[in-house]
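Just so it is clear, A, B and C label the chains in written order, and each chain counts residues from 1 on its own.
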Amino acid sequence: MSETHRKLAALAAIWVVLVCAPLWMPLVGGYTALGSRVLVLGLAAMSVNFLLGFTGVLSFGHAAWFGLGAYGCGLILKFIALSTPLGLLAGTLLGGVLGGMLGALIVRRRGVYFAMVTIAFGQVFYYIAFQWSSLTGGDDGLRPFYRQPLHLGFTTVDILQNSTAFYYFVLICFAAAVALMGFLLRSPFGRTMLAIRENERRARFLGIPVEMHIWIAFTLSCFFMAFAGSLYALVNNFADPRGLHYSQSGDFVMMAVMGGMRSFWGPLLGAVVFVVLQDYVSSITVNWQIFIGLTFVVVVLFFPRGLLGFLQARRRG
Amino acid sequence: MTQLILFNVTNGLIIGAFYVLMALGLSLILNLSNVINFAHGGFLVIGGYIAYTLEPYLGFWGALVASPFLTAIIGLAIERVMISRVYGRDPLYSLLLTFGLAFIFEDGTRFIWGANGKPFAIPAFLSQPLSNEFFFITGYRLFMVAMVAVMVSLLFLFLRYTRVGIRIRAGTLDLETVSALGVNVRALRSLNFAVGIFLAGLSGVLAGGQLGLEPTMGSGLLMPSFIAIIVGGVGSLPGTLVGGLLIGVASGITAAVFPSASEAIMYVLMAVVLLIRPRGLFGEEGMLT
Amino acid sequence: MSLLEVNHASKNFGSLVAVRDVSLKVEPGELRAIIGPNGAGKTTFFNLISGFFPPTSGSIVFDGKDVTGLSVARRVALGMARTFQITEIFPELTVFENLRIGAEVASGYRLRPWLGKSETAAIKRRVEETLELTQLADKSSRLVGELAHGDQRATEIAMALTLKPRLLLLDEPTAGMGDKETYEITRLVRRLHRDNAFTVVLIEHDMRVVFHLADRIMVLAEGATLAEGTPGEIAANETVQAAYLGKAA
């Protein structure tokens, strides 16, 4: 089977699995709402990887945009309008625009300094979410709000009560975002991102204004991230300040690394493994954090290329 | 009114001194090895708990002296076994590694010593206030500041006048050349890391005496350390010193005028610095880019 | 009008003077070689011209335009292309992909989210032309990281060529090469200069290459200009012989 055929087959397989999830999930002890959750977290991990794996820029505070998306969506649904699409739009804009603005401040720095500042930025929003409790609900998080039924003109889809319908709604959103992401990565702009990752100096000496391109990639990933966050608010009917904390960022980065940073679908796989692992471990012990920490350590030391990278290497060598 | 301001500024300086101790250790490790040690707070906690465990046998002073060394040894072991493996790689990996270690430390502490807070006894004479007028300056707080001052001075002397210290400073600027000159860079990094962890462990003991011990006490101190480094300028230890004091004092003053914003002011300071002078107050252009 | 004019450029790093009051005028179609002992400041000089860092004093004028304050990317857009002593390429991409990036940037597509059919075809043509020019067509789908050193350097030069530059800056193009590869690269540069009228400034240590290719030679030593002239003049120059040529093979 040629390379292209293999890739197409893999792609088809992934979509079959995703589309049929409500059918096979109960068979393996899962449930549809878990599927929705994993899809959204997977999207978040892929959004982080848009920047991390494909541009080579280390942002460790990316959960900030995720959390902002969640709060934006929740605030709309709670205070302004009972409209799911509006909530999604608002959350995406809030995270994306703020991300773009702040990103402009820091693109001149790179490496660990950039990572440090992104962490600090994330913490600012975490702090605000906590303190501004009259608006955000503080420590308890933002609630109550509920995802609203979708009015499609010819029919109304109840995504609140019907978790299967909601799963397909999330899947459609996921598909749209992922398609756009893939499209961008294959574009001339996407190739400049790869160039920056592969050899920043050479990219610059080919005429690519590196800082500007990094800012654009950063902003795009913030928009994707915020979209994922908005979806997450819909999944939970709840926005959590902990979603803004840098440890959430660390989780997303770990998902990307675990699945394989250099591959497009790797982060989704990483999200699946991470969520399943976390759920399982926290159900059998109270000290589950030690295991999560150990996972981080083991992956970094022994599987830095992630699952897909590991499999790829085995296939080649 | 002056009493109030004085109270808060002094408070701020004391807190600032504390941030300085933490941030300096973090900064040392960052500058030489390009590693953001997320586990720094975890080492603080370990330092405090080790002191707590040793106190019945060695007393306060014995624990105070022994614990930082023991913590540094643990840090050294971890650096040798794990962290040194990721030096050459993308900084992403050291971030994730120390991140994972932070989780392990926090939960591990909870596992070994229990989730509840533990008291840490300090000698009676230290808990007396200095005078009735300056009631807020207890002996212990003065002692903490004094300890920090001593440590900072020792650190600067170490870096300036000892051979190892000079090599560390040179390594911060150009590790390749230092290596080419025949210095054992591996050992240098390990030692540097151990010094940083020593400071963290000491911070833990001091914090324990002031606030009592708790598994989560480390993570709350990590952010201020970060901000102290960003404000003071990445790559500059004097900058970290100034940064830590600055955010401590700012926090203290804000507590007098606007109590709920005393934590926020740190972030505001950071934002201002990033806008006006992105490299930090004392930062060098091009450091760690 | 000269294509490149460097006027009294100096570069200090703290108290270290790397380049001291060096001036240069390159005419269109010329091939200028810069030679000198190690540490003479040749690469630093190149860095000044290409915009890697600004000069401490002096100015750089390219095609009549003062570029002293412009960024690297801006200068590249104006027509300067550069290769490095240690080859800077994209090792995990194929030769074609390496060249495509430059072609897309130079065609103004760097921000485009998609390309139309004719645009894609134009890019493909451009890359293929460059592959022909540098005789790399048979290696077009190989990963650059797996190529021999000489081919990697040729790829780097090809990447510079896809930019359709006005000026080629080559930093020690034959560094680390054996005789055969040196010959190949020299032939390539000569072809580019003679047949395609590229303006080239190159830094070289290999005197055979220098005397074979150069129209004029500039000799740098300790950051300052030691001598300047035609190959014949330089070869006969006693100061140059004493300082440098006498030591080289």
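One rule holds in what follows: a contact is a pair of C-beta atoms (placed from the backbone, for glycine too) under 8 Å apart; a residue touches a chain by one contact, two chains touch by 3 or more.
Here the structure is a predicted model, which means the values were calculated and not measured.
Among the chains, the centre nearest to the mean of all shown protein C-alpha atoms is found for A.
Distance from subunit B peaks, on a Cα-centroid basis, for C.
In whole angstrom, the spacing between the mean C-alpha positions of subunit A and subunit C is 43.
Our note on geometry: subunit B versus subunit C, Cα centroid distance of 48 Å, whole angstroms. Averaging C-alpha coordinates per chain places the centre of subunit A 32 Å away from that of subunit B.
Multi-chain contact residues, meaning those touching two or more other chains, do not occur anywhere in subunit B. Listing the residues of subunit A that touch subunit C in their complex gives 183-184, 187-189, 191-192, 194-195, 198-199, 201-210, 213, 216.
Subunit A contributes residues 52, 58, 60, 105-106, 108-113, 115-117, 119-120, 123-124, 127-128, 131, 247, 250, 253-254, 257, 287-290, 292-297, 299-301, 304 to its touches with subunit B in the complex. Here subunit C touches subunit A in the complex through residues 50, 71-74, 76-77, 81-82, 84, 88-93, 97, 100-102, 104-106, 109-115, 159, 163, going by the rule given at the top. Contact residues of subunit B toward subunit A in the complex are 30, 34-36, 82, 85-86, 89-93, 95-97, 99-108, 110-111, 223, 226-227, 229-230, 234, 260, 263-264, 267, 270-271, 274-275, 278, 287-289.
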